[in-house]
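Below: a set of structures, written as structure tokens.
Paired with chain B in one complex and with chain C in the other, chain A is shared by the two complexes that follow.
Coming up: the complex of A and B.
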């Protein structure tokens, strides 16, 4: 039971970090391999506030998200915007370039070592039930991700902004024709995606660690979630994260000899069976 | 009542002919040997990476298959040749042949996975396959040495004649010779009807079946060939350094290779070679300063290329050539 709960919690963390990517890649159709770099930025902002400025953990989370979103908006305005119409290969190359730069930058400013982080008292400890140990921080992650998943799904499916966004992605010309400010929608959406990346990165420091190799180390996991979940589908990402989290934790627990092999194998098999992802709609392009 | 099909095949035949500039290009490795006798190890690395890049050019530049995991084949080839040499079959050419066969088999099998789905799925599947191989090599420490790398290789003289020496002379000529032979074959291949059909598929996969070209069959074939080329490149690295490190399979290697190809310009074979020369030389000169800074500039270079110089060094040369042509008229 504990394995399953840990799997769910780890899946939820995966979801928290990846959901920003299912916004930029899934909704906006931009292969943004630099997502991990934004998550890393959020992590560093959070850790710096916590350790050097003594800001409380819960207060540093929104700051991390906002700071990351700010950087995201600047990059979107200057660079990303030019590549919306480019091929996926160009987007891949461009974002790998950003990843390399972010790794070197993190190394320059923070050094190669892992960043320490101490959670506040009320998030430490465990709840012990018969046959089940629940870490409080993990429970916190689960609740938070469910709330975010619900909120995002409402935003995309049920609001005017969501409708405008879907229109802008599917057919920018027609969307412009009916008076939607496509550029503004894209900037806002990108800001949302990077804010979520920053938030996820800050929340993930405790369980994933934080050092300059972060963007490369975990990019595969983020991509798996989006690719398996299906493009442009928040709930798909949630389900995919859950499956992958449970499979990954169970794999590492029961067959530690083969380690991370399981998660890659699951991804490849899933993509062979359903190339568009579990809940994928036909790609817009 | 004679139906004649007037097809002008002359341009195709002309494209297959070697031009003087190409012949001159192949004097570069000969000249480099005499100009930089102290840097033969680096030059050998350049030749090997050029071959690796050539293999990516075949599948990406000609057939348009995007891959984020091409290092899978490079690494598998390196381990195949390395394990062979470590267990007493040290003949280099047999090592290359075995590496080619093993990687071709993996390439053929995985090509069917790659054919499914669009770009994003392809990226993920190629990435996934290479990560799986990385994990396997990492965990099978008894066989591969894990993170410590594969040691204890004994590579016999090439053709029973030329022993690998301390200065790397044999290794250099060996790598250049293999590169040249495989380049020559690749050149034949892309100028053949097969190669032309690949270009057609890249430009419009939907229309090629109307010309009678089996799209999936062609893509699968070229993916297999590209895999074998990458495997041979990996085997060359293993044999010339007599060591295989786990990083032959790493994601960074696949990503860097994409950069090199784009830097040189994809879809022209020579772009792969030029890109490698430029990249490896710059790497050599700059990484002495500070490896971390180098990575920063590498990333910046990638961003600039994508935004402003999408057709790479070859594109620049072509534009330059076109301008020269106008001036002469």
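Coming up: the complex of A and C.
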């Protein structure tokens, strides 16, 4: 039981750090490999607030998300915007360049070492039930992810903004024609994606650590989740994260010799069975 | 005319002597200055520069020039190229540094061919010194810091141990040495696992350990984020309350990392050659000087290796009269001994590896700071990996 719970929690962490990418890559159709850089920024904001300014953990989370979103908006207005119509290769090269710049920047400002992070008392420790040990922080991640998944899904599927966004991505010209402010929609969506990245980064510090190589270290995991889940689908990302998390943890528990490989094997199998991802739409282009 | 000629000749000859002696000594350091192991490079360079700062930058009459090249961590081809450039282009007299084993292995042939002394300041695989006759080591070998804690565990009522090591060279070395020493001391290995080197979550492994209930876990993962992640998970799952202890090599609890691990590190038993709170006048002076020079960093074993590396170069050059050519230098360095901030150390005349005291320590709070407090030791230990 504990193994399954840990798997779910591990999956939720995957979901949290990659859902922002489902928004930028999936919804906006922009290959944003710099996602990890935004997550790292959120992590550093959170850690700096905690350790230098003494801000409580829960309060530092929204600040991390907002600060990251702010940087995201600035970059979107100045740089990303120019590349919406560019080829995917250009987008990849551009965002990889951003990643390297962010690594050098983090190294300059914070040094190479790991950033210390201490959770508040009430998030530490475990709840022990018969046959099941629940880490409190893990439980917190699970609840938070479900809330975010629900909120995002509502936003994209059930609101006017979501409808405008889908229209703006699928056919920008027609969207403009019926009076949708495509630029503004894109800026807002990008802000949302980076805010989620920042939040995920801040939440992930406890379990993943934080140093300047963060964006490259975990990029594989972000991409696996988005690939398996099907780009642009929040529920797909959630289900994919859950499956990957549980399989990964169970694999490492029962067959540690090959445990680390299981997650990749699952990805390969899933992509053979469903090349579009679990809930993916056929590519628009 | 003849007189005048000979005067000129004498003057020229006299002028030539100091000119020869004053030729600068170039030391080329290959270190990870960027990438995941940049902290290693920084500490080693800090230590080396501190020695030069304290003792003037002239060793045995030769002005010292340090050239540092970044090899970015585990990138043997870059390390090799850096060493080649240092020898061929910069014409260095001595190679030094080497943060990680792959880097030292890659540079060894360069030192061998060019007959340049190569001072290893951290890379810890036992076999490194066998790869070139010009390699001298001032840091430690992995078996050297693993065997003492295994021996201590076997002697102190720890019967069943679960080993968890990262699946890479040093991890496998540590695992092998631990098993060998611990089982020879009467202990039993009740489980072992090798975790991926890039491992984001220890949850499944920790849960398994909790279910197996050993007396202790022997841990060896790349120092840094993994140590932190492991110890956080260990505390979260209440493994300590289940009566399980953590024993490890001391590089996992070195001063640079301790602050990031936080209070979860309390109680880890480990073995290493240097601790910031090592009680000796030499170390007190060293720590004081270090904080004065680098107020933002804490001195750790790597900085001491950088410091001792310079010390070895200085002492050897004194003996050779400033001659740093490979064969002479290495012959003079063999058997050299001195008192380092970590205690008495010597260079083994046969293996050119370091002979030193390894301390058994426990992580405790000293004046509000996490420290490795020494409580036992193995004196004058040679590298067990070569026996």
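Here is the rule we go by: the second predicted complex is superposed on the first by the 284 of 285 C-alpha atoms of A that agree within 3 Å, B and C clash if a C-alpha of one lies under 4 Å from a C-alpha of the other, contacts with A are read in each partner's own complex, and residues count from 1 in each chain.
By our rule, a residue touches a chain if its C-beta (ideal position, glycine included) is under 8 Å from a C-beta of that chain, and two chains touch if they have at least 3 such contacts.
Predicted model only: the values in this text are computed from it and were never measured.
S.K.: Looking at the overlay, what does A:265 touch: chain B (first), chain C (second), both, or neither?
M.R.: After superposition on chain A, A:265 lies in contact with chain B alone.
S.K.: Which partner chains sit in contact with A:223 here, chain B, chain C, both or neither? Use first/second/both/neither.
M.R.: So A:223 only meets chain B here.
S.K.: Once chain A of both complexes is superposed, is A:31 in touch with chain B (first), chain C (second), both, or neither?
M.R.: A:31 contacts chain B only, not chain C.
S.K.: Output check: A:122 vs chain B and chain C. Expected answer is one of first, second, both, neither. What do you get?
M.R.: In the superposition, A:122 touches no partner, neither chain B nor chain C.
S.K.: Name the contact category of A:150: first (chain B only), second (chain C only), both, or neither.
M.R.: neither
S.K.: Does the superposition put A:10 against chain B (first), chain C (second), both, or neither?
M.R.: Once the two structures are laid over each other on A, A:10 reaches chain C alone.
S.K.: Name the contact category of A:107: first (chain B only), second (chain C only), both, or neither.
M.R.: Once the two structures are laid over each other on A, A:107 reaches both partners.
S.K.: I'd like to know which partner A:86 touches here: chain B for first, chain C for second, both or neither.
M.R.: It touches chain B, and chain C stays clear.
S.K.: Does the superposition put A:96 against chain B (first), chain C (second), both, or neither?
M.R.: In the superposed model, A:96 contacts chain B only, not chain C.
S.K.: Pick out the shared contact residues on chain A: the ones touching chain B in one complex and chain C in the other.
M.R.: The overlap between the chain B and chain C interfaces on chain A comprises residues 107, 257, 259-260.
S.K.: Applying the document's contact rule, which stretches of chain C touch chain A when the two form their complex?
M.R.: 34-39, 42, 193-196, 198-201, 203-205, 207-208, 210, 224-226, 228-229, 232, 235-238, 256-257, 259-263
S.K.: Over in the complex, which chain B residues touch chain A? Could you list them?
M.R.: Residue positions touching the partner: 60, 66, 68, 113, 116-121, 123-125, 127-129, 131-132, 135-136, 138-139, 251-252, 255, 258-259, 262, 292-293, 295-296, 298-303, 305-307, 310.
S.K.: For the complex, which residues does chain A have touching chain C?
M.R.: 2-3, 6, 9-10, 13, 107, 111-118, 124-126, 128, 133, 135, 137, 206-211, 213, 217-218, 221, 248-253, 256-257, 259-260
S.K.: Tell me, which parts of chain A touch chain B in their complex?
M.R.: Interface residues on chain A, with respect to chain B: 25, 31, 79, 82-83, 86-90, 92-94, 96-105, 107-108, 216, 220, 223-224, 227, 231, 257-261, 264-265, 267-268, 271-272, 275-276, 283.
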